[in-house]
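Pasting the structures here.
Look at the two complexes coming up: chain A is in both, with chain B in one and chain C in the other.
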Partner chain A sequence: MSLKYVTPVAMFKKYLPKDYVELVDFGPFGKTQDEAGPGNMGQFKELMEEHPMCSGCWMAYYIRLIFASLPCPEETVTLGTAGCGRLAISQAAVPFIYGNYGDQNAMASGLSRAFRLRFPDKQKDVITIAGDGGTMDIGFSMTMHSWIRGERFTTIMLDNEVYGNTGGQESGMSPKGAVLKMAPGGKQFNKMPATDLAKAAGCVYIVRMSPTNIKKAAKIIRRAIFVAREVGPTFIHAYTSCNIEYSIPTEEVFADAKLREKDRFQFEEYMTDAAKEVIDRIEAEEKAAHRAKKGIVEEEVN
Partner chain B sequence: MYYVAKVNADMCAEYKCNTCTLYCPEANTLMFDKVGNTSWVDEDRCKGCALCVYVCTDMLSRNCITMEMVHGKE
Partner chain C sequence: MSYERPKLVKTFVDINYMLKEAPRKQHFITGAQAMAEAVKRANVDMAIAYPITPQSEVMHLVADAFHQGHVKEYYRAEEELGTMSAIAGASRAGVRLFTATSGPGLLRGLEAIVSWSGHRVPAVLGILTRVVNAPLSIQPDNIEMAYMMHCGAVMLHAENQQDTFDMTLAAFAIAEKVDVYIPVAVATEGFFVTHAKGYVNMTSDELALTPFDAIAAPVPAMDNETPPARIQRDAPVQKSNFMSYLIHAVWQQEIWDCNKRAMKYVYEYLGGPIEVQNPEADVFVVASGCAAAQAREAHRTSRELGLSVGLIKVRAIRPFPVDEIRATVKNAKALIVPEHNIIGWLAQEVKAAIPNGGIVVGGPRVYGGMTLPVELIMKEIHTALGLEFNLKL
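Coming up: the complex of A and B.
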């Protein structure tokens, strides 16, 4: 997709569904983060809506945040696989490709290469958003190989530490001793060290976090996408609790995310020198553009 | 018949705050009205998780949001 395909012809606009027209007029297509970004969610029409996720799902919240912080939603393609996350990701107004049981990173490898050949003058973003099962258990080999090959796209792991979609089996990312509905004896093995594996496999930008600070979380998503455009594979390991399988009361989901930030999901950011260079350059450009815009507004006021 | 969030508009308008809209897991549900300077809830979409109540009451101690029972429209 591109902005040209998203925008309807003026004379046909009245025949289009209301939701679609609203999305073009008040959505984030072709707008900057100051106009339609995570900082003013709730004031523009968001890409994702009416998803079937459970009440109070922190994963749904993080997915909402991902779509709000996309630097260029009209040039983005998301990939996912079986799991809870795809229920919401596939509802968003961004092209979505459904991978067959964990092959999202293998597909994204081909897709990002094809985009670079087909659109050499454009910057297309490929993002895989999958759960802990799709990324680290079932799709483990394909995830690792895509990183080892240095494929340039972003991998986001929504870690809820359980197979929430199928009734609560233990996953590789469940913590040791976790008692779940389909693992009543408690998990006997350790949690997989996902960020260490990513480091060993050659990811150039790796973050482990619990999305409690909205600005920080959005900044990291954008950094991961910008680095993946130029340098190499990037990986975000985010805690998105399952309030059903871990029996967290819905109103305490946020408090739980804060709690996890202090133990298993302490903030960790790793970047190579090349990645740091890209981040510094792009953030300096953004700051300059923001300052220039602010200057124009102040001049108008004066 | 189920619980949905309800924003007390008069109380909410006293603060220049849209924190609850940033933490709702449902997109396009808890919205912010820039003119009235208040948050409002799309009752048909609210799933009643009360996360916004936690944000408004426990985090910010402003108590502007409550959970209230709604009945299906005929």
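Coming up: the complex of A and C.
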């Protein structure tokens, strides 16, 4: 139904915005990752193309990657809150719900439960994508409690270690000592241990990373979504630098992301046994499908 | 411990049958019970709860209704902002929703609640009034309603347990009308109504309102199922240009137009936004909620004394019955407005509704949990009529 819902009747196509028709014809709806995934970004009509983010924004790149990695974009709803991220997320061709400050995980709790109520036989992917302030400061209680309740959806924190959209203030995720607005003498306390908190609160799949490797980052986004479908809350804590507030020259944004990988964003992946079971099963299925398809192609070539 | 909630087989009926035709039986129950009994019959998909006195009783009973199979989904949220946000989220999936709160809880949830109208969330919110701190108190006082009056939501104010039952049921129907589709709040006084028993004529709980129809919604659910497809490529409201200002302005106008359009359903389901007794009177007591019960008693006493006194009970606070009140009091000499709050929000509304606001007597007012003795109203009536009154409390 959902694929049908995005697909216009052929005779209406000429009346619809070109952008929309191209999305349906050349976008990732109903396609596999081989056909329209991070591996061939730039070769298909992407869900997020235009955005108002700053030049060199690492967050914009990661958001683009999230949308390219979605296992089923036609069944996905994203939620977010105030911050730079929503400026780009709201321009992706996937329903986006913007509520109030930091309430994305509370909204997603209601939304995902109501989806299961209305569509018990379908899988709707609910993903909250919010910044460090929205997830760990103003939305802290709602983030933690959604995890404690075991709500089955994915939380992605875009951590740029600062309130970028409001002009560069200290956040709970800023590193100790960082001189930022509202912290003229440098931040006085430590960066919040987000992944430890997620673990204590009962997330069943948790990753901390600096997404420098596209394939790896995409795999993790998909794992988090697959596990949330069946097991429980999943959490990705991703470094998405703010090159403006941290004064990172555009050409050094990638190098900075590599550097962070060695300190505050060392790769960490945690999964429960139940989560591992889901990941192993789905990735084996994907591999088999990929091999089968490759076999067919080779046969055809021969 | 696993418990299989029973799957109840109910007869679905429309709101007009439920409110006007379905056989009723008299029960002697509290206001909290009356609200929960209405929820039982409303075919609610999801209820989200957070405790606060004096509301808690309502959501305890709704939890029981969930356990018994009358409500499909229920959970206790982390606090009121989480509750009200979850209501906003769930509503995007196209389901019927209920929650309730009181005083400080309402204010804590207000950031989310005031955006419900703009998000076109047709949920029903019970407000079981309580003082707003400080100093700390849990007593009845309806000052919180003043904070709710400017967010676009429809607001009904119940005088007693029967009103609470009927208004809560009507609220679901009003909220979901295609030309309304904004939240409806049903308020009544904490303790005075929630914890006191009164006679309530109720329909059978084997009847339930027809299910929520997500397809009929004027603003489609974000369920990736209901056309037109909501594939948002650009959010113009986020820009700083004239178009964004215009969109926001038009959206606000539409919300208040929705609110106005709710009035015809207040007539259809509840008999109108005001109840008038003795329309030829020189002096009217104008009151809403629990104060209307005291006003009714003052009216009765006055008639016994042969005084020219009428009663206007205000059922709908939003949309406010400006035309109805103006027409009723056009020959009146004084309007007495007793209230359960210090600022007198109803008196302000009444003053603004009529061309001769000087005839409004703001008060008597009680607050902080105090009861409203009929004698206080009688004193104002006598003063307005130029008569002596020996006030004894």
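Here, the second predicted complex is superposed on the first by the 299 of 302 C-alpha atoms of A that agree within 3 Å, B and C clash if a C-alpha of one lies under 4 Å from a C-alpha of the other, contacts with A are read in each partner's own complex, and residues count from 1 in each chain.
Rule of thumb we're sticking to: a residue touches a chain if its C-beta (ideal position, glycine included) is under 8 Å from a C-beta of that chain, and two chains touch if they have at least 3 such contacts.
Predicted, not measured: the structure shown is a model, and the values here were computed from it.
Using the contact criterion defined above for the overlaid structures, shared-chain residue A:Phe115 touches chain C, although it does not reach chain B. Touching more residues of chain A than its counterpart among chain B and chain C is C. When the two structures are aligned on the shared chain, A:Pro38 is found in touch with chain B, with no touch to chain C.
In the overlay built on the shared chain, the residue A:Trp58 is in contact with chain B alone; chain C does not reach it. In the superposed model, A:Thr250 makes contact with chain B only, not with chain C. In the overlay built on the shared chain, the residue A:Ile214 is in contact with chain B alone; chain C does not reach it. In the superposition on chain A, A:Tyr5 makes contact with chain C only, while chain B stays out of contact range.
Look at A:Ala93: by the touch rule set out above, it reaches chain C but stays clear of chain B.
When the two complexes are laid over each other on chain A, chain A has residues 50 in contact with both chain B and chain C. Residues of chain A that touch chain C in their complex: 1-2, 5-6, 19-20, 23, 50, 74-77, 79, 86-87, 90-101, 103, 106-111, 113-115, 117-119, 124, 141-142, 145, 149. Residues of chain A touching chain B in their complex: 38-43, 45-51, 53-58, 60-61, 64, 67, 214, 250-255. Against chain A, in their complex, chain B makes its touches with residues 18, 21-28, 30-32, 34, 39, 45, 47-51, 53-55, 58-59. Partner chain A is touched in their complex by these residues of chain C: 45-46, 48, 72-73, 75, 77-79, 81-83, 85-95, 111-112, 115, 119, 214, 222-227, 229-235, 238.
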